[in-house]
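Think of it as A, B, C and D in the order they're written, each chain with its own count starting at 1.
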Amino acid sequence: MAEGGLTTDLRSSPHLKQATTVEDIMRNVVYALLPVCAWAIYAFGLSVLLLLVTTTLVCIASEALFCRLANRPSTIGDWSIVITGLLLALTLPPGFPLWMAAVAAFVAVGLGKALFGGLGYNVMNPALVGRAFVQAAFPVAITTWTPPFLPGRFSELIPSTLTLPFTKPEPVVDWIEQNRIDAFTGATPLALQKFEQITTPVADLLTGTIAGSAGETSALIILLGGIYLAARKMLDWRIPVGVLLGAVLVSLPMWLLDAGRYPDPLFVLLSGGLMLGAVFMASDMVGSPVTPSGVWIYALFIGALTVIIRLFGGLTEGVMYAILLGNVISPLISRVTQPRIFGEEGKR
Amino acid sequence: MFGLSTFKHGVHPREYKELSNQLPIRRLPFAPTLVLPLSQHAGKPSVPLVQPGQEVVRGQPIAAADGFMSVPLHAPATGRIKRIELMPTARGPKTDSFILEVYQGSNQQHSYDNPQDLAKLQGKDIVQLVQDAGMVGLGGAAFPTHVKMTPPPEHQVDTLVANGCECEPYLTCDHRIMLEQPEQLIQGTRLIMRALGVERAIIGIEDNKLDAVKAISELLPAHDPITVQAVETKYPQGAEKMLIKSVLGRSVPPGSFPSAVGVSVFNVGTLAQIGELLPHGRGVIERVVTVSGPGVEHPGNYLVPVGTPVRFLLEHAGVTSGAHEVILGGPMMGMSVSALDVPVTKAMSGMVVLEQNDPDLHKQQAHPCIRCGWCVEACPMQLNPSMLGMLAASSDYDEMANDYHLNDCFECGSCSYVCPSNIPLVQYFRIAKSVLRERAEVA
Amino acid sequence: MSQADNLAPPPVETTPSFNMLRTLGLVATISGLLVVLSFRVTEPMIEQNKREAIERALFRLVPDAVSRRDFIASDNRIQPAGEGIDGEKLYAGYGQDGKLKGIALEAAAPGYQDVIRILYAYDPYCQCIRGFEVLKMAETPGIGDKIIKDPAFLMNFEALQARPNADGSGLEQAIVPVKHGTKTQPWQIDAISGATISSNAIARMLNDKSQLMSPLIQRNLALLENGA
Amino acid sequence: MAELPNRQEQVSLDTFLRGLWQENPVFVMLLGMCPVLAVTNSAINALAMGLASTFVLVASNSLISLLRNFIPKQVRIATYIIIIATFVTMVDYAIQAISLELYNALGAFIQLIVVNCMILGRAEAYASKQRLWPTIINGLGIGAGFTFALLCLGVVREILGAGELFGFALFGDSFQPWVVMILPPGGFFVLGAWLLIFAWFRQRREQAQARVEEQQQETVYER
């Protein structure tokens, strides 16, 4: 034997490796997102399918482009860019013009990721950077909602979807009127609550029979995806839990003070993009702190800030900015919450 | 398992103990040539007592201790010293070694007995006998045992902890020793307790070796000062500080020895050898070595003379055609070797041969850190390997040591093991430590 | 640096204080002359510009007006504008026949981004607000700036009621914004859906200002009509 | 900076062109960022701010150059600031006299020319050491470079953000303006993009130059 086939390889210990890799994590996040995408397509129709395809393809193409420009090996294979593409589409209104979605995807990858040096170096969640950009650039289009379950959703597109590049989207009001079923409204539950004090029933929020961003409507499906990931240990359960807890901690006292004006905590949790943000975006590993206590601070901060923006700010939804701010301060949180090392736990 | 006492963090690699833990210890034939480094222990190398060309008898002391931080060396076989020359060893650079040609005709009788009346031995005598036996920590640290038995006077040691965790995957030699030599283990433990003057001893064993727990407990009378305690099977349970935390709940402060919290820790293999050798006044000349891994045809625990070349051991255990990497020690902390001529030393507990396509052995390119925090959750010292890794990448070694406790890392490998980005964190830390050491020496 | 360099004290440059004062004095004099000169040259042009700007806005708001006169409201009374009188400015517009056609007033309130400042026209005869011009705003283009573009919103100001109450302490009916499409009363402002904050700001500033000024104007109507 | 402290510069075309390119105050030296970001939401604002700054720069630096031998070192900054502030006040009046609308659009940034470090920097590094004529030419160059940079931003931001250029609609009603471009963040985005482009060009040129030198070296070796 020995002299024969034994070619030895010199490596540093440890010589064993847990099988889970970055690709595995990212791939599983994509799996968890697929049901959310499926529901979004089912609820809003072909337009959302096109939206998903557009953002994902543009994200992949931009990633390839930036990797080439920076002379880096292509990182398309690590799946993270697919997550960015899918998440971005899920945060946009269903009838968002495709050309604007493409702009968002390009900005997400360029400004949100490539500029910082690619996966692992980005400070903020790329998908949210892209969305924040189009929110600022096209404030009208990004607040144009369409109701779900319109009868024509699988046979025709929402008229704004195929807007020519650089032109204004067609108004969708007439189209909604033609297609309308009485029960559904184009206003989002958050807007209804904020401006008209109409609270949408919890059952609708859970199942997603409401207007809103493509992927945020069904809290239930998002939650299932989160549970899947948490069970596979590919998601830090503390982040979604912390975000939701933070939201409750702020909204509960407000609701107790003035139930007529402020929404109840359950509504706060289930409406808008809070669930999607808590499960899939705040929990993005790159943007969250590494230390256990830091994770709690970060998550509670996002949850609390979301509700503060919603209740006291000019915007109806605050998840996006809350998460982006959380991302920005997370290195700081990591730094000040260094774990107390073994043998020094008791000391100050 | 819930409810078992344990430490925070750590990892759960697959154990692979089933490859060898059911097989009794077997004795291997003597290799034709033994290689005996003069430095098989931490501390000063021993001083040769014999000349090249001289014949030696099995058990005869052939090198003497050079001061307190040193131990003697005994001839593992009857034969002739061919020469003393620089030979490669598993750890670090080449060192002076005896090359011993074994007489194949010899019956290899042990003829250097110096029987002791155990009842009469004082603590001091035991310490001396342990040093004379050339005893070192057989778990891998190779720290001279008698030094551990002499804690600094400012520390009051009240408990002896016997380390039967064997948390490294694949390794089962301690497990087999506990099953096959429980009497010797208890004997050795009582002797050291007497030397240390402690009233209590706890044998900590991971709960994947409950048969060993049973075997030892059965031999202990009720209310014996020695107790056996099962601890959670988790890597690195066998690290001194972790085990003390698990069985006693005491935390050894950073940079301190266990004696700072009143504990002395000994490997069960060491204790069993002491129990075996001390009554006869013999020296350490052989040990049990686990040879295992997917690349080994006949995994098992082999009793071999110290100095047996690794190659000889592998030839007897058989190596598969896919064998690719030979690791001395366990796969988490051991080192891979290229030269198979290195010998088995006193502290070598096993060797693991991995195959090229081993599923656990990922050799993909490293990704950038995605800050998943898994390493932080894994580090038993509760350091922040993620931050340390980033600092290492930018060569901020001083910051690593000053602000992030680099020197408290004992290189258990948990962080590298869990890292989904395949970042060789432990390797970074080793480099950082050695750079800092060099700088300190220059300054 | 060598040891010797460190030890030697740096040579102290001594500039006499007189030189410093001389230079500063000279420079200050030149500066003063230049500033005064340019102020003298530009002042009439600037005044002209300001007047034209106000007049343009006034004549747009009060289309029948051909001339204007300024008044100042302070200490709960109105008097003709003149040197040394500080207070709220009112620009009264008069028609060809010399009759009062409308009064323009400034109002301001915080909008979505920054304070919105407007000039609005008050018609003392129908006791209503007839249109406004934005003097300054930084509302989000495409959303907040609908307050000057949205025809449905501008319809509110054809004749927005701002009638003083009987005892002259405020408005009979406060000006309030209502949700888009639910305006039923002449004192209500039909808000723009999607630009609620900006439209509410307009409603708020008109209400605040009218509560104060409408009664005051009605009381001093004679003065304003006479123009003296 | 290129010029040596106490050597009088000979006026050449380069004295002017340097400010446009190698020493462009915005794209190379990153000076005067406050107006660059604040008032470039339309081309006309950018142009007005650029011209105003150029006037202040040239006028104040000329005066400083004339007085350079009179000004004691200890009070030079105070003197410069007084001089700059004087011209800024004059520009302020002038713009009010020309157009109130423009004045409102530029807001406080006209007054803030006083603290534009580009102007003080030129005064300290150039005008205080050079004769009048080079100072004027150099000031014009730097001013032109500043105006050019502001226009670069203003044009892009106005086209994308409003679909207009110098107030003229370019694309008709159906154009969708990128609102963010005329908001403050747009200033950062566009400035970043321009810096990227300029840095890219510079890098390419340096690499090309390095290649040429390398080839020359090689040919030397071959000989």
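FYI, a contact is a pair of C-beta atoms (placed from the backbone, for glycine too) under 8 Å apart; a residue touches a chain by one contact, two chains touch by 3 or more.
All figures in this text were calculated on a predicted structure; none of them were measured in a lab.
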| item | value |
| --- | --- |
| Path length in the contact graph (chain B to chain C, fewest steps) | 2 |
| Distance from chain C to chain A - Cα centre to Cα centre, in angstrom | 44 |
| Chain B and chain D: spacing of chain centres that average the CA atoms, whole Å | 70 |
| Length of the line joining the C-alpha centres of chain C and chain D, rounded to whole Å | 34 |
| Geometric centre distance via CA averages, chain B-chain A, whole Å | 49 |
| Overlap residues in chain C, where contacts from two or more other chains coincide | 140, 142 |
| Shared interface positions of chain D, touching two or more other chains | 179, 183 |
| Contacts with 2+ other chains: residues of chain B | none |
| Listing of all chain pairs that touch each other, if any do | A-B, A-C, A-D, C-D |
| Residues on chain D engaged by chain A in the complex (per definition of touch) | 171, 173-176, 178-181, 183, 185-186, 189 |
| Touching residues (chain side chain A, partner chain D) in the complex | 100, 111, 133, 136-139, 141, 163-164, 166-169 |
| Contact footprint of chain A on chain C as seen in their complex | 112, 140, 142-143, 179, 194, 196-197 |
| Of chain B, residues touching chain A in the complex | 7-8, 11, 13-14, 169, 241, 245, 251-254, 256, 311, 314-315, 318-319, 321-327, 331-338, 340, 352, 354, 359-362, 364, 367-373, 375-377, 380-384, 386-387, 404-405, 408, 411, 413-414, 416-418, 420-422, 424, 426-427, 430 |
| Contact footprint of chain D on chain C as seen in their complex | 13, 15, 19-20, 22-24, 26-28, 30-31, 34-35, 38-39, 41-43, 45-46, 49-50, 53, 136, 140-142 |
